[in-house]
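Letters A, B, C and D mark the chains in the order given here, with residues in each chain numbered from 1 onward.
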Amino acid sequence: MAEEKGYAVPGMPDHLFERGEVPMTKQEIRCLTLSRLRLKKGQTVLDVGAGSGGLSVECALLIPEGRVFAVERDPEAVKVIRANLEKFGVQNVTVLGGAASEVLEGTGLPPQFDRVIIGGSGGELQAIIKRSRELLVSSGVIVINCILLETLYESLQRLEEEGFSEISYIQAAISRSRRRGGKTALQPLNPVFVISATRNN
Amino acid sequence: MAEEKGYAVPGMPDHLFERGEVPMTKQEIRCLTLSRLRLKKGQTVLDVGAGSGGLSVECALLIPEGRVFAVERDPEAVKVIRANLEKFGVQNVTVLGGAASEVLEGTGLPPQFDRVIIGGSGGELQAIIKRSRELLVSSGVIVINCILLETLYESLQRLEEEGFSEISYIQAAISRSRRRGGKTALQPLNPVFVISATRNN
Amino acid sequence: MAEEKGYAVPGMPDHLFERGEVPMTKQEIRCLTLSRLRLKKGQTVLDVGAGSGGLSVECALLIPEGRVFAVERDPEAVKVIRANLEKFGVQNVTVLGGAASEVLEGTGLPPQFDRVIIGGSGGELQAIIKRSRELLVSSGVIVINCILLETLYESLQRLEEEGFSEISYIQAAISRSRRRGGKTALQPLNPVFVISATRNN
Amino acid sequence: MAEEKGYAVPGMPDHLFERGEVPMTKQEIRCLTLSRLRLKKGQTVLDVGAGSGGLSVECALLIPEGRVFAVERDPEAVKVIRANLEKFGVQNVTVLGGAASEVLEGTGLPPQFDRVIIGGSGGELQAIIKRSRELLVSSGVIVINCILLETLYESLQRLEEEGFSEISYIQAAISRSRRRGGKTALQPLNPVFVISATRNN
């Protein structure tokens, strides 16, 4: 069995994934995102701005009876997602190329989602959060990852305006050890904000 | 179904667990630990210094066909572990009360483990790492969590002396948002070092 | 000479200061603030929301020929500031009790300042930044400290609206060592944002 | 007056300094180092592994009646130090080229120092700490900066062996804002450990 097959957990090593030139959510952030997402068996997940597909793959592996819809507007990234789906032998992810604003209004989606991940918003954050709320079931969870302060702030504002509850976030400042002449220094990853909220009404 | 049942992922919220007066590995650190542990289906896991049992529970849920052995010397903590096993409906964890140095030499363990977690060492770190290497299969992974600088340093030294390879670590500095008068500040958790290494020979 | 006299540098230890029940800017944040402030000899400094007066004292010691005006609305804090001025033998600080919005419009201030520090805004951030720009000389520097995400965001917005340039900030995540049984853990201070900007027109 | 002249405080901006190819202690770390160093008027300072001379320059400016001895073994770095002394108009720094182990045993130094900074040890950490203790006055302060975990650990061990007291450290994880398309992300600097201790006997 290939190295990338058979892992039971999220937060798989970065090097297992195809990446191309597409930005990738790092191992540590993927697992923290999934921790906030609180997936349950058989759920339906929407991954907006799926990038290289790391989170879609891990969701799909965690809930093999569930379904994941990965939305991504960069055609190059769509190719990388497909390559990763094949690499990890994942069957339960549907990739939808195009801008989120269009795809989320289109006919290719199920009527409701249990979980929404926003990994990238391409300047459409407000519309995506609004539409996500409509698509989420009651008690559904949304998780938004961002590195920009302004996106963090705007997300919190929009989540509140849209009536989400349990709005909270973490800042993950992870440093990885790096060997330097037989000793080790800490190499910081870019700090990421992981925001989560629940639709309670 | 109770709130604590049915989650597919590690990094479950802290409040779901029984804690008593026993220190608990926080949600974010649990999921980062499991990310480093790289569990596979059906594996056998040793959790030394299991504390309140959070990591044992999550391992057991992630690999339901696998087995987890939780070693803990504090009788109070052993009770908390058992309460958590019951709360989460976990059947595949064996709790072994007693000092690690004794339990790991005793007859209650299987001859080999695929994964070892060290969450606490009670001053016996050197002996536990040495014994862990003996118990680990080839390509087996060990993950050590610590907050003390000295334990980090000593772990790296011992892992190297024992011939482990791929020795690395992360420092996880996680801050959680905290509401203050309608606004949010960052509340830092204690930084934790998560060390991992592989037995390659 | 008393321990608190004679130090040449900012970032003096916290325990040297009187504190009462008043929140205090920690040693590490004081020195980072002064680093961003870029004081020069003989300058005039406005310290809004002076709290226990730590930054006013350090500014006054750094530029003994300069003048510092400390604005603070909490009468209890005003007492603590005065106690610290006495303790450090500082003569060049004027304490102005009252809400910033009133004090900054009043007659007790010089017409211009070279530097402005905002350590607390009491809900009047927008007005204080606007008034600060009016009071600042050309090339004058403003430094704002905050722990709230919303204050950070709002400060950046207001500074931009008011035409400040060189707007930037740091996030200072400082952990101090703490002895635990002969070993050391890292105890994180609350992360602080230190914002700085220049009036260039 | 040139931009780099006339500042009253430590933690001057990085871009003011000549750097060449020599590693430089960043602005934020320089000011935190000086905060721990607790300089007083007229003191004598030893700066071992002075690098590009940033800390020597700032010490010299803070205590103009004092004296600073900068030890640096890299001839290229010695040139950079001299360039910085000239640039900042500093007269009270003596530069001593050569390995610390030799320079500290040689005849070019005063018999005692009030403060010692170790910014680099070139593999001679143990000898430098031992010799520093001999050279320090009673109540003298030593500050060691490092990015390597192993240097942190070894420093703490050696300081304790040499009988230093008040041994403590901070970890400074500073992130600077970086503009990205009109918004801001946090760019982490490498975390630095700043260790301090006092000779009390």
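Just so it is clear, a contact is a pair of C-beta atoms (placed from the backbone, for glycine too) under 8 Å apart; a residue touches a chain by one contact, two chains touch by 3 or more.
A quick note: this is a predicted structure, and the numbers were derived from the prediction, not measured.
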{"item": "Those chains which touch chain C and also touch chain B", "value": "A, D"}
{"item": "Most distant chain from chain B, judged by the mean position of its C-alpha atoms", "value": "C"}
{"item": "Interface with more contacting C-beta pairs, comparing A-C to C-D", "value": "C-D"}
{"item": "Where chain A and chain C are represented by their mean Cα positions, the distance between them in whole Å", "value": "40"}
{"item": "Chain centre separation (chain A, chain D; CA means) in Å", "value": "44"}
{"item": "Averaged-CA centre spacing for the pair chain D and chain C, given as whole angstrom", "value": "26"}
{"item": "Contacts with 2+ other chains: residues of chain D", "value": "149-150, 156, 171, 173, 175, 177, 184, 186, 191"}
{"item": "For the chain D and chain C complex, residues of the former touching the latter", "value": "6-13, 27-28, 30-32, 34-41, 62-63, 156, 168-177, 184, 186"}
{"item": "Of all residues in chain B, those that touch chain D in their complex", "value": "149-150, 152-153, 156, 171, 173, 191"}
{"item": "Chain D residues touching chain A - in the complex, by the definition given at the top", "value": "147-151, 173, 175, 177, 180, 183-191"}
